[in-house]
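In structure tokens below, several structures.
Here chain A shows up in two complexes: once beside chain B, once beside chain C.
For the complex of A and B:
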């Protein structure tokens, strides 16, 4: 029982981060129909930005996180601006463009921070909470809390604000949205910026849990992407459920299948996607290509 | 008889009209710089290792060249980035074979060296690697040499200390199934078996795994006295951190990665405190030769020396000594010369056996404030 609960805690903590990464993938996809392959690298830049400001300038962790959000938000806008001339012209080139941006960001990180990476001290250095032998690190609670807050803010934005509604409209039918006077380019830019901000939140949260280095985006990107697929690509609730499911799947596979855990995780993923190609929340996905 | 004569005549004629480039290439081997390749990860998660190894090699070659080189010839050292990836490694092995490098130093990753070994063996390019997996020794390649002991030595020393000296009986293992991790796992398990100790838990993780709650919770149920970690620096640090967060009180023990600051900072200094490390190079103050080396290294790179730079330096110096013996010639002769080298290095006395292993003992140290101190002095 203790093992089960402890596994659950690890799975949920990492699941929350995967959910944030998956949401970043999904918000760009639902608005533009584009998979942003640079997303993993943006998470990495977010982790670097937050940890650097936190460690070097001794800013409080929350402030460092905000700085990281601004930095990566700008990167998101820049990527979108570069890709905009291709919008509605060549979809494949846009995809390759995002892959290229991923490589550029990785190279930039090596130029700025070096290839070796650094460990980030835990910002909430208190003893874990002990609940009948099950230990919950306080940092895990912070991660889950911040992830939930980011999700709630995003939901509010999409449903309650005019820009959010405009983005939903573009996602549904961009031609009709244009006819209604919605600036599609601006809407895409907002999607990219929000995606990048989510990446920064994920990156800054994962920093103290892992080791920040230029290639950390690879695994996180793949896990987040798979989580988004699992939940239903383009669906926000799907991204959250997919992320959580992936975190838990990973955690339980590690405990039960030892060195074959990764294999088991991705086999389960493949089977689910085969049975439900649209993912768990299989809403009719956007296809704007 | 007649046929032989004709054949000889033909052969003579053929050699006489060999293309100029061919005879030229054999000519350049005796003069001009000696080309040595240094292949190490400069990017990726294992790049800290690769960069340290490269710095150690560079320092050694710089000294040798400044002192006049090998029999009057300078050494040309070229760095290649394998990204810690075996596929990139095999491509680089073919590349250096094609480009006329006569020796290879590196890599820092057992998996990469294992992948490159067959190609280098075919090309007759001697390789002094920084890998430590027992699998490297099992290859018995006559062209592969290690600049450090294998996990067998590390873990035998560790098991001897933990079981024979400290009397620990409840030992748990956690290791990854990569080349280094599985080598550590097998070697430590064998050492425990010879002491009739059965581990209370034996968890295997993947090299990419980040969340160890499930594995560590299972280990915690057994309440072990010792937690043995067989993984690279960063992963060892993450395991130690999560183990302490779970309230695991066991003494953490492991091989060389536990002695690095990457391990200590990733785990967090309080979590790493008291970890037991088995290593041939415990600190920069262990001997006068090491002190002198550490000072040299500090002036060159403005950072502290460590085992990885020391063993890379040792390896490069052994290569140079062997090159001096062959007069700059490579191939089988160079491999034999490396095997004949007896060197009192920074990591200990090098005497190569048929497995290509030169160092046969390690020492025990403890992590204090993120630095390793010899066990006896603590």
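For the complex of A and C:
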């Protein structure tokens, strides 16, 4: 029971990060129909930006996070500007274009920070809280709290602000949105920047949990993407549930299959999405002839 | 000309080792392996449109199978190679199963996940040598020729490469390749033309596995050492870059891209971060500015601008079969809460032109989708020539003689008009594809026969001038006619036309009526959905009126037009039915 609860806590912590990554994928996908395979690399850049700033300046971790958000937000805007000609077009091309961007970001990270990577000290170095024998690291609480806050802010933005409503409109029908006087390009850029900011939050949170290195984006991106798909691509609640589900799957696979956890995780994922390709919250699409 | 170029390239490749030093020879050997992999990826991704990011894992399965079977099980190199090919093909089949349920980026992420699972396995499994890999793979024996020499191994590779390049080119230019490309462009329309989509997708993955396996065997024979990093996701993206830069739908383009990037990679080996930066930038630039890659730069586009339609040549008359061709019995179709069709019953006798009319949203196209197998009805039966065909897949219905056109035109945009017609003509089952390996000459003969029939149909429908153009370059009216020609290429017994007159001008509508009458005269039964009441009145023998998913009237056109229910359904206009101009407004 204790082991189970302990695994659960680890799973939820990673799940919160996957959920942030998945939301980043989803907000870009629903707004502009672009599957951003570079997202994982943006997370990696976010992790580097936050950890480098944090370790160099000794300022509070929150400040480092803001710096990371600014850096990745700019990167997001640049990527969007480059790939704008491909929006709402050939999926294969977009996919490959964003993979190309991911390779560029990874190469830049190697050139700037070196190929080896670095460990990040825990910003809340206190004893874990002991709850009936289950040890909850304080950092896990921080991760879950920040992820929840980011989710709440995003939901408020999408539902309560005019820009957010415009983005929802573009997501539903970009042509009709244009006809209503919404600047689709600006809306897309906003979506991309928000996605990149979420990536920075995810990256800075995961830094102290993993070893920050240039290739971490690949696995993180794939897992976040898989989480988004598990929840239902483009659905925000789906991204959160999918992220949690994937984090738990990951944690239990690691607990029971040790070194083969990745194998088990991805085979289980493949089987689940074969049974339900539209994910948990996705709409069944009807082929219209 | 192409043959000469090919022979010259082969001769140059044969003489190449005389000009190279030992290390360069090794680099060329590795580049050829990448080229084989790129051909496989080009076939699955470029030709068949299946986003397969597990190609590098198939490569790994091939190489690791040879390594494990030779060093672990003590088999000979070539025996192990045959088994390794089988293993790679099986891996392809397994990784292809998700393709039956999902496509595009979904498939991409699942195959990528499976590739990660493979890497995870080889890095940890004792039998695969863990992170250190497996060394001491034996030198492949070859009648006393020492294949440990990079020079001599080159010739083995060259021959294998040429054989598999030829196979890939043959497949792309054959009826199978055409179906794969059609599936890539529009799998629904391809299914309606008789292409077995699930089997075709699996075929694409089998090819992917086969080419991966061949490359893996060559790699094991050349390097004689396997380790996980060769099959990493990074190399998968390198392979992807090769295929994109070369031009994914051109096999030769893939080869050129692979060779070029393999050499660049070698040249920049010491500054690999810069090399990666370079590929990344090139891939982004190619995708944004030259989506067709190097191959797209070289190929010229045929302009279809001012092409005109020739006259339609009438079909000879033939007696229609006796009896009832189509029977729809109590068909109901619900989409969750929405009832699209409610208890529809109608029967169409042989040789009739049946009109289906009704306001927008009355369920006409849904009815077609049920009859042609796109939807399964919630209740009720559909019979064709008295045989129950409810729930049959579109391709089966197509092979049983149901042809259809689509309301919003579903021509294959990247295929020429001639190829669109050829797709309709190809009536083979996909199970026929074993012949591609066993008796390729029979395939070639069959293909020539198809080409002759295509010329007949192109001439009959007056499409000679536009035969080599791609549909999107053509005016709308011509595209409509191409779609009917493609449907008639299937020699159907039942032709379903979904708003064939939409977007046509008066003269084109007159020609359409003439074509449809001639088609009926040749013994084909026609069911037509149409809003143009003038056309319906003059063309149809019998009209069925749908409203809100129910049949509200059924009878000869002049009786139906004055039926009070029909008048009410069309919003109680002062006219019995909408005029043509109203219909035009209602379009779209």
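The criterion applied here is as follows: the second predicted complex is superposed on the first by the 272 of 289 C-alpha atoms of A that agree within 3 Å, B and C clash if a C-alpha of one lies under 4 Å from a C-alpha of the other, contacts with A are read in each partner's own complex, and residues count from 1 in each chain.
The rule is simple: a contact is a pair of C-beta atoms (placed from the backbone, for glycine too) under 8 Å apart; a residue touches a chain by one contact, two chains touch by 3 or more.
Computed from a predicted structure; not experimentally measured.
Engineer: For the overlay on chain A, clash or fit between chain B and chain C?
Structural biologist: clash
Engineer: If we overlay the two complexes on their shared chain A, which of chain B and chain C does A:85 touch? Say first, second, both or neither.
Structural biologist: second
Engineer: Counting residues of chain A in contact, which comes out ahead: chain B or chain C?
Structural biologist: Touched residues of chain A are more numerous for C.
Engineer: According to the stated criteria, A:269 is in contact with first (chain B), second (chain C), both, or neither; which is it?
Structural biologist: Only chain C; A:269 stays clear of chain B.
Engineer: For A:115, decide between first (touching chain B), second (touching chain C), both and neither.
Structural biologist: Once the two structures are laid over each other on A, A:115 reaches both partners.
Engineer: Is A:259 touching the first partner chain B, the second partner chain C, both, or neither of them?
Structural biologist: both
Engineer: Contact-wise, after the overlay, does A:219 reach chain B, chain C, both or neither (first, second, both, neither)?
Structural biologist: In the superposition, A:219 touches chain B and chain C alike.
Engineer: Based on the superposed arrangement, let me know which partner A:126 touches: chain B (first), chain C (second), both, or neither?
Structural biologist: Once the two structures are laid over each other on A, A:126 reaches no partner at all.
Engineer: For A:13, select first, second, both or neither according to whether it touches chain B, chain C, the two together, or no partner.
Structural biologist: In the superposition, A:13 touches chain B alone.
Engineer: Which positions of chain A sit in both the chain B and the chain C interface?
Structural biologist: The overlap between the chain B and chain C interfaces on chain A comprises residues 110, 115, 215, 219, 259, 261-262.
Engineer: Provide the residue numbers of chain A that touch chain C in the complex, in ascending order.
Structural biologist: 35, 82-83, 85-86, 90-97, 99-108, 110-111, 115, 215, 218-219, 222, 225-226, 229, 233, 259-263, 265-267, 269-270, 273-274, 277, 286-287, 289
Engineer: Chain A touches which residues of chain B in the complex?
Structural biologist: Contact set of chain B toward chain A: 42-45, 47-48, 51, 176-177, 203-206, 208-218, 220-221, 234, 237-238, 242, 245-247, 262, 265-266, 268.
Engineer: Give every residue of chain C touching chain A within the complex, in rising order.
Structural biologist: 45, 49, 51, 97-98, 101-102, 104-106, 108-110, 112-114, 116-118, 120-121, 123-124, 188, 192, 233-234, 237, 240-241, 244, 248, 273-274, 276-277, 279-284, 287-288, 291, 335, 365, 368-369, 372, 374, 406-407, 410
Engineer: Considering only the defined contacts, which chain A positions touch chain B in the complex?
Structural biologist: Per the stated touch rule, the residues are 2-3, 6-7, 9-11, 13-14, 110, 115-119, 121-122, 128, 130, 135, 137, 209-211, 213-216, 219, 247, 250-252, 254-256, 258-259, 261-262.
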